[in-house]
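For reference, the structure discussed in these notes is given below.
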Amino acid sequence: MEDFSFQHRARQRAGGTRQTAIIGVVASGNLEVLVERVLPDVECQLEIKTAAVGFGEVWNAVTADFVARYSPGGLKFSINDGGARPDTVSLRLAQAVRLIEEDGQ
Amino acid sequence: MLMSTNAETRGTTTTWRRGREARDARIEAGSRLARGKVVEARDATRLMEAVVRPGDRVCLEGDNQKQADLLSSALLAVDPAKVNGLHMVQSGVVLPEHLDLFDRGVAKRLDYAYSGPQSARIARMLFGGKIELGAVHTYLELFARYFIDLTPHVALIAAVSADREGNLYTGPNTEDTPTVVEATAFKDGVVIAQVNEIVDRVPRVDIPADRVHFIVEAEKPFFVEPLFTRDPAAITEGQILTAMLAIKGIYAPYGVQRLNHGIGFSTAAIELLLPTYGEKLGLKGKIASHFALNPHPALIPAIESGWVQQIHSFGSEVGMDEYIRARSDIYFTGPDGSLRSNRAFCQTAGLYACDMFIGSTLQIDLQGNSSTVTTSRIAGFGGAPNMGADARGRRHPSEPWLKAGGEADPQGSALLRRGRKLVVQIGETFGDKNVPLFVEKLDAITLAEKLNLELAPIMIYGDDVTHIVTEEGVANLLLCRDAVEREQAIRGVAGYTEVGRGRDRNMVERLRQRDVIRRPEDLGINPLDADRSMLAARSIKDLVHWSGGLYAPPSKFRNW
Amino acid sequence: MTAPFKHAAQFPEGRASTTSFNEASARTRVALLLDAGSFVEFIGPEQREVSPHLKVFDLPEQFNDGIVVGRGRLDGAPVFVAAQEGRFMGGAFGEVHGAKLIGLLRAAREMVSIPVLILFDTGGVRLQEANAGELAIAEIMRAMMEARMAGVKVVGLIGGRSGCYGGGGLIAGCCSALAVSEPGRIAVSGPEVIETNRGVEEFDSRDRALVWRTMGGKNRRLLGAADVFTDDTIQGFRDAALELLGLVGAFDLDKLKAEQVRLADRLRSFGTCEDAVDIWTAEGVAHAESIPDLPADQFISLANKIGRTSRDAR
Amino acid sequence: MTLDDILTCLFPDGHDVKNDNGVVAGSATLRSGAEALVIGVADKTALGVDEAIRLSGHVLDSFAQGRGPILVLVDSDSQRMSKRDELLGLNEFLAHLAKSLIYADMHHQPTIGILYGHSAAGALLATGLATRVLVGVPGATPAVMDLPSMAKVTKLSMEALQEKAKSTPVFAPGLSNLVQMGAVHVTWNDAVSLAEQLDALLANMPDAHDRRDALGRERGGRLKAAEIAERVRDLALHSH
């Protein structure tokens, strides 16, 4: 296992009011993303635990692009990864944002 | 003056029938074991020893799918003192016995096209010098050489049934048989067929009796592997996204109606999206109507929804027999109702009569060359290069072909301009175990260096590739004007691979302005919409339902 | 005490009828099975109660340790629900995973009036914490029987990709009633285990038709091990759960005795059968070999005609 | 230890317990003079449908005959891993046996499992782990999962697994690990009369509450189970 933590400045606060959301399942080539609205509006944090060792640069690039594209301000993402491909990671991150921006509790 | 090597001077007379006489002698030797043409299975090895001579070129049918397994075991069991040094000329090296022949010294030299399941062992044996390699071919190439310089002395083939005269019914998996028999029987070779059963009357005559010299009845049916069944349950969201990009970004703008699909999950996803996503885009009747394609079960929903008009097949697929029989408007069938496949014709159709090939690969380099070779595996080429190559001899126009040609050469005179076949590589930027699809140097080149090959085993050359589709978008290489643009276009869809991260962001953005690269958002596709609920079938069972119960999947694909 | 956790995605109306139970995640199954928006999770993922044992093996954890437990409503009435995530470590029972279900069953025993739905999806004991997983299963069986003796209804729903294997099969055997779909499988030893122990001649684990006709939903329904057979949709399982909750009563000695008779009778009737097809033939089914291909509606009427059930006998 | 050894040690006052191809059943006289039902699996026999139905039959029959305790002697293999057993629904037979024991225990026939030999997986669940108190006899070799199988699945070497087993009781075979987990309540002392120890246990039987998770916490083998179960229970009881 390898752990990473990334802090980013986001352009703006993520939409919606929901406090938490979760998407995905930890399995070979798959991951779960828990997202929580717990940070100041312009901050974004990603905590990653991954089974695939040696992909730090890829994670850095994927998460930087993700933050630039979705501006998930105020959100903390906690990821358990079973060795997913970067495209799956990007997709789950986007799904997590969509979910927490939905109306609901 | 050119001396014919076939003519031999005996005393004062010249004989031109040396081959015929040798063939007659072989048949004479084999006939001692036969009743008419029928040889008992237990005598099959003795038949080999009687008919096959040291150094012969032998085609042991070895197709992509069906295997003359009884005859390969029989040949393997010969006394190497009697039969040795054979030169095997067969399209598929599939069974372990095919390589055991070389270990035993029965065979020495090999010319082939495809070695899927034996790809690792064949690599080891080449390294170890156990096999003297002629060349690795594409199917059409090897078939062509059967008629020029690799004509078999003996062909060992497989058929479903035979009558006592030797008329053969090859069934849905006709595959290579007519080609092999044509080359062998009409050039003084001996044809030996293993059949599942001997019947009074064959359902249809695929091979006429006068081309068949011996028949062996096998105890169990010849082996056929279901190679073209893709379980929809295994299709991922990423593959669905790439499939959506391909449909909207390539099929639609070029209006591709005549095409061939590879066997990967991405193309299976395309097949399963036609009746749903394709329908929503209003593309029915405008794309994907005529195929050179094996009977892919994944295409059933599109067929049932009226998308497909006609399919010609290289081989068949396990479990599809009844469905094909009931859909003769779509497939090529014989008077008996069952599929008639033919690899040589279908490969030709894929080369000349299709406007697009789309398939996946293991590695793509910065020039767009692609290969399925890794340093420890030599899988051969099969048919993909025939599909995935521009046919320079093509002369008939079609809209996609002309449009692609125009994009490649916008300045040229329309009347003189060649069209271009669309050759599309589709895949995810990372494959199994996070292995990148894009690389700086192909493993194929490393392998060629290690083996001292004259040519690296390139599946599809970069100059034939017109588009690359990944989850990052569609790269249209036809619109690239130089090698630098081409490289950046490839890097631009290579995602987070090292190749992708090494892109020139500014140049990639400029290429995007020119539609050389089209991102999902440029095509109006939201990656979040790529959902398995879009698939017309999400399981093998769904495919059975679509087929009205006619598709009978093999046991390994069932979950009921 | 931590607050209950609500996070479920909102699904459009009718989604339960088109969503495969087999394919869906545990979370989606629960969201679509219960009345819309009614599910409240206990110890949700934000609590990060992961397995303490997986790091020893350098394996990834999941925030809910592969099981979702909570309460919700089914047709307006309160239910407790537990759903295993068959894709995380094969849905296997570990210490935390199992303890969540134990706690739920213990609460149900005290409440009595609230039934429990268990959406099984498990390969059995989690290897990396085998002792804790095995013991959790024993505790679940105990807690379940205590709850049932107190009058609680416990309905098992089986149609996940990992099936219901190992100790999961024993827990299923302790439920008041089971609903099963065609892809659902119930057994103790998995196909590979049997093949390893007995050889490929006895059981070819790659022969999936053999696996399913031996352990799959149809055989289990025909034997009466499961009382309801449903199409593989979440709506189908919802309907089945409602039907079964209306049928089952409290556990008592009569049911235990009836089960002894039911199982002894099964052994007498089918003990010498070599294959499921032999059992079905012995049941008087013509062309028994075609049962795996029967569509659901035809199969259900056949099963009802044969009429084997474990109702009041489990 | 053989079945005869354990029977002789446990029941000096006599018994009519028979071993029929590994299926153990009969009655025995306790030190107190009371009768107990004795069932079990001997000789490392696999527990299949045929064995399970006979054992549950004995338990059910005992309900009519009075209210003595039930002793479950265990020296079994795993569940029988065969096509036939699974075809016939082995899970139901094993569950039924466990249910019979749990029912008895809840209805004035306290159950005691005595693990004196081997056991594993489904067989252990249906016998020893379905009793109120599980006793370990020194020399018993329970193995929920054997290490070679684990090595195969986890792709770790035997050495690596054995090394890990030193730091945690949670996965490796062995009686002491099950004691630490709370699965085995007590290990008897084989230097002292087993009959006396049984007598002492019967005189001091805990009530029918399942406290194995608390035991596991006390012994440091399962630090999470009791807490998690308790938290879920509380949430469930108070979430309305």
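For reference, chains read A, B, C and D in written order, and residue numbers begin at 1 within each chain.
The definition used in the following text is that contacts are C-beta pairs under 8 Å (C-beta built on N, C-alpha and C of every residue); 3 or more make two chains touch, one makes a residue touch a chain.
Note that the structure is a prediction, hence the values are computed from the model and not measured.
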Chain nearest the overall Cα centroid: C
Identity of the chain that, by mean CA position, is farthest from chain D: B
Where chain A and chain B are represented by their mean Cα positions, the distance between them in whole Å: 42
Chain centre separation in whole Å, for chain D relative to chain B (CA means): 59
Whole-Å gap separating chain B and chain C, where each centre is the average of the chain's CA atoms: 44
Separation of chain C from chain D, taking each centre as the mean of its C-alpha atoms, in whole Å: 24
For chain C, residues that touch 2 or more chains besides their own: none
Of all residues in chain D, those that touch chain C in their complex: 49-50, 53, 56-57, 60, 63, 79, 81-96, 98-100, 102-103, 106-107, 121-122, 124-126, 129-130, 144-145, 150, 153-154, 156, 164, 167-172, 177-178, 181-183, 210, 212-213, 216, 221-240
Residue ranges of chain A touching chain B (in the complex, touch as defined): 52, 55, 57-58, 61-62, 83, 85-88, 90-91, 94-95, 98
Contact footprint of chain C on chain A as seen in their complex: 1, 18, 20-22, 25-27, 30, 32, 34, 36, 49-51, 78, 80-82, 99, 102-105
Residue ranges of chain B in contact with chain A within the complex: 236-238, 241, 428-430, 433-434, 471-472, 495-496, 501, 527-528, 530
Chain C - residues contacting chain A, complex: 5-10, 25, 27, 44-46, 48, 55, 58-63, 85, 87-88
